[in-house]
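First subunit A sits with subunit B, and in the next complex the same chain sits with subunit C.
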Partner chain A sequence: MSELAVERKTKKPRLNWSKKTKRSILGVSMVLPSFLLLLVLVIYPVALSVMESFKSRDGMWTLDNYLYLFTEPHMLNNIKHTLQVTVLSSVFVLTIAYSIAVYLRFNHSWIAKMVGKLYFIPMFIPGVIAIYGFINFYRDNGWIARLIGEGNLPSIIYDMKGLLMINIWFNIPFTTMLLVSAMSSIPNAVIESAKDAGAKKRHLFFQFIFPLTYKTMLVALTFLFMGIVGSFTAPFLIDRNAPQMLGVAMQQHFSSYNEIGQASSMAVFLFLLCSFVGYFYIRSNMKDSTKSY
Partner chain B sequence: MWYFKALPTSKIIQFICLSVFLIFFFGPLLNLLLLAFSGEWQYPHRLPTSWSLEWWSFVLQDQSITRAMGLSFLIATIVTLLSLIICLPAAYTFARIQFPMRRFFLFSYLLTNAFPKMGLYVAIAVLFYRLGLMNTFVGIVLIHIINTLMFMTWIPSAAFANVHQSQEESARDAGASPFQVFWHITLPMAKPGIIVASVFTFLSSLDEAQGTFLVGIPDYRTMPVIMYSIIVDYPSTAGAVFSVILTAPTIILLLVARKFVGGDALAAGFKMK
Partner chain C sequence: MKKLIIYTVGVLFMLFVAGCGEESSAEPAGNGESASEDSETAEQDQVEISVYSSGSLNVQNYWETIIPMFEKDHPEVKVEFVFVPSGTGGQSTMDRIVAAKQSGNDSGIDVYEGSLADIVRGEEEGGIFYQLDGNGIPNLAMIPQENIEAVEYYSVPYRASAVVLAYNEEKVQDVPNTAEELYQWIHDNPGRFAYNEPGTGGSGDSFMVTTIYNQLPQDAMSSQDESIMEEWDKGFEILKELHPDLYRSGVYPSKNQGTLDLLANGEIDMTPAWSDMALEQLDKNLLPSTIQLKQIDPPFTGGPSHLMVTDNGDDARKQAAEKLLNFVLTVEAQEVVIEQMFGYPGIDWSYLSDELQERFADVSDGYRSFTGGKLQEEMLKRWQREVATQ
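And now, the complex of A and B:
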């Protein structure tokens, strides 16, 4: 498989072309099984969904589903709520995760070591269980309420606060992990020499640490956004009944009202939002790329 | 008080942050653990008033629950192995072989995350009805593989790309066949990335509930699916017992894989070249 290496050493221009084609065919054939799976299980259903979103209940082409999505007041509220939850959650997660990552990089106390060993554990807890634990912990007669006394706790469960908290809980480990890795790849020498040159802490942060990690923040933001904007389980079990996150509204329109077209238009709308974020992610990846193919 | 005064402010702040961190992340889990072993825990009491194991015997004796656990692990194992077989060749290809439209193929895996899962599952359910895959084992495995395609391709691919080609070349010069080089040089060096991806695949399969519910009902009820009904139908003690049982294996997995589960392999997977 490392014929490429051999090929490079024993350059035979005439053979090169056919060898290149051969390798192309080999490449495509090795990618094909997983891509076929993607085609059948993702791309085709997505296309179906997009088509469905432009169809009325009796199968005629129509824009009604999108009209419904963008003019119906409660749907507009749902959209607003979805964006609000997604943006707030992402901002909180990024801020907290970044702070933890900076702390773990530059602090070597036993507390830092302990945090470093513990922070990713939530990633290993099944989602439903975490939510279940959350509800038992924070509900109005939950453990926290028992510990600090009745009436001292604002309502958290069945409220946006609870949803934001569980989103933070779920997403901190993954985001922190990415950022810790980005931080640890900043060489000590860079920081030491900047310090020797008399850089202040703030200066050091904005001139060196932030620029070297902001691409990773973009990666983290992409996956945070995509994960939260279309989420179902957490908002379904924790959020208020109205306004809803679009993921919940979608499920309801599909299984309770049997409105496949409307549910699909929501899915497509969420997909467009994600594509918008994904575009920046892909573009930034392309820019760094050293390979041109 | 004098003790706290003697401490520097930064230590105190660190200590407060640590407490908030511990309560926020582990409070809910500790709560479940206490609930699981409590006999009676009425409202104003801060701790259970009596301890008991009665729900443990109930949960462990219920056949449908133990069957669900077996099923979940069987599915997670099969999904992990299958996606390794399907995705590793692709991952290697993306890292090493030049072929047309490489980037298009590579980024197309992002689609699994960009389209909302609920919408995707609904569309797949329509497809599965036509293909007769509803309420089948194959259908569930396929639904689970969707969630793992991206991780299983991107992370190992970055791991393969980070293996220096000069090492492969020198092994080739020493007379090793391409397959030997892959097996003895490339694969071992890319192992951390492959293990991280496998661990995530296994976990995401164990955790998957929405798609399994849609495709596997009524015959295939995995642990998370059962958990939903337990939340609704049983007292919180039973739910807590089940939660502890459900979490234990992943914690064991965590301890085993801890050495490998680092952010580096993960982070590399999301920076594509």
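And now, the complex of A and C:
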């Protein structure tokens, strides 16, 4: 035993070195597959479309595509519309999902249990099918209109209202799931001791619950933003023809107009928008990790 | 433990790489295998040709009906059918033929179903398709002469479809006969007409194109001269005027099916629609039986589908391909086009039974073709800028 220990000690420097190499090989080999995947499926196409966005139709370098994107009135309207839909949808989803999460955390009735089991159902319904169901439900002479009498229902399909509603439907499950897990990590002890100290419900929420979940809320917001800003199917089938969401405009420029440069400039713009939001996500994660180590 | 992790990662990575490789190589290998197996069991002098086609499900169904019929009639020819669903790289078939031609190889594609643009491209690439004649394909004589002369005998326009007006006969009493009457009807019945967003489907596109070119001389539709764009103003003015009287004061649903859904729901009473699509859905009761179809004057646009024979320098296969094309033009095969695909026959209506002629009398008034090429894109852009954005 002691002999062995001595041997180990004398060999330590060499062993340590090879251990390090081993570790770094392990590290690299674990990162390599996802990095290669990223390289082939993300970085290469992104680089291509960045290049494409600076090229005119005859292959010359130009800024025209960006000029088009930021000076054409209808494109500016499209950008405005995209941001409007994204921000509004995110705010609605976050508000609703947050309320559900709070409700599920602090209410233990059978209704809460039911809600807890049901809220993620929309996740398992394929997008296009949900959208067609939604259209049949809310269109001007659809099920709802027949129930409450045609003409009493405001126009929902082919309108921004419909788009916001379907975005809420699609995004609530995942957002709620994130927030529920954040809520459940608040220890009961914290809340009970606060209550014992005489904290009112308002205080309890603003001093304890909100600060403890706000980081997860930011994460949820980034996911929401990125998911909605580049969406295609729902706005393609439900929104009006003008102004369009950028995802729809991009497809139109790409396949109907054959304007690959202009479509690419939109893609780059969306990419920058998302990386701007993604920056906050990464920053909040980095803060987390510096704290814990 | 660490070793285990390294091994696991290594194995996973290799599996991943192998999986990718396998996926890309599996298909051709599989095809080749089954093909050689088949030819082994077949007779010695059997000629094998391959047909490449693309489109919607009805096109696939058509070929899967026709090929067994043909093989029964011609046991000396074996047909391999490759179907590329639309939107999944139909252009790549054409690229394959061109690449094979340029490198002097056999493309392995004998009969290709494509569009007028493919014929033009084939010519530009130095004649990748055979020029056909009545010796190889006697039934060419049954095709209306102007149709085959339009493609200079490079293809067999074996079927066609066109955009027609679909309307609900219970709601529409004064059915428009001309384009002018149609515009008037739309203004008189606000909110009851819709055409789909032109970039998303051919029926709305046809409405836009015909509205613009109805204001111009007849032969303007085949002009690719960009100076004609200045004369579009009058047509766009009409489209803009129609906008507030369309469905929901100017909503253009996406895709051909979008407006047909509205028609089926009763949200609108009239819409332009592809004849084959509407007839098929009437047949399957997806559209109520109160929906009628009609061609107006001047007619909407439409177009034939072309079959080309690829020049691979193999006479036996060329002759076999010609036999197939000849069979496609028989009355028997053309009836499949009509009965099953609800398309227009490629051969003259007079060869078909009186009963069929009568059934299709409503929509058989013909169609116009728009061959403006790149002008199409400019028109779509201007439509989005001026008509959709109001």
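In this section, the second predicted complex is superposed on the first by the 275 of 293 C-alpha atoms of A that agree within 3 Å, B and C clash if a C-alpha of one lies under 4 Å from a C-alpha of the other, contacts with A are read in each partner's own complex, and residues count from 1 in each chain.
To be clear about the criterion, a contact is a pair of C-beta atoms (placed from the backbone, for glycine too) under 8 Å apart; a residue touches a chain by one contact, two chains touch by 3 or more.
Predicted model only: the values in this text are computed from it and were never measured.
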item: First (subunit B), second (subunit C), both or neither touched by A:Y257; value: second
item: Subunit B versus subunit C as contact partner of A:I144, first or second or both or neither; value: first
item: Touching partner for A:M177 - first (subunit B), second (subunit C), both, neither; value: first
item: Subunit B versus subunit C as contact partner of A:W61, first or second or both or neither; value: neither
item: Partner chain in contact with A:P33 - subunit B first, subunit C second, else both or neither; value: both
item: Of subunit C and subunit B, partner touching more subunit A residues; value: B
item: First, second, both or neither for A:L48, with subunit B first and subunit C second; value: first
item: Partner chain(s) touched by A:I129 [first = subunit B, second = subunit C, both, neither]; value: first
item: On subunit A, positions contacted by subunit B and by subunit C; value: 23, 25-26, 30, 33, 141, 237
item: Interfacial residue positions of subunit A with respect to subunit C in the complex; value: 22-23, 25-26, 29-30, 32-33, 73-74, 77, 139-141, 155, 158, 236-237, 240-243, 252, 255-259
item: Subunit A residues touching subunit B - in the complex, by the definition given at the top; value: 1-6, 9, 20, 23-28, 30-31, 33-35, 37-38, 41-46, 48-49, 52, 107, 109, 111, 114-115, 118-130, 132-134, 136-138, 141-144, 146-147, 150, 165, 169, 172, 174, 176-182, 184-185, 215-216, 219, 223, 226-227, 229-230, 232-233, 237, 246-247, 250-251, 254, 260, 263-264, 266-268, 270-271, 274-275, 278, 281-282, 285-286, 288-291, 293
item: Subunit A partner contacts - residues on subunit C that touch it in the complex; value: 2, 5-6, 9-10, 12-13, 16, 197-200, 248, 250-254, 258, 265-267, 377, 380-381, 384-385, 388-390
item: Footprint of subunit A on subunit B - complex, ascending; value: 14-15, 18, 21-22, 24-29, 31-32, 34-35, 43-46, 86-87, 89-90, 92-94, 96-100, 102-103, 105, 107-120, 122-124, 126-127, 142, 145-146, 149, 153, 165, 168-169, 171-172, 178-179, 181-182, 186, 203, 206-207, 209-210, 223-224, 227-228, 231, 236, 239-240, 243, 246-247, 250-251, 253-254, 261-264, 266-268, 270-273
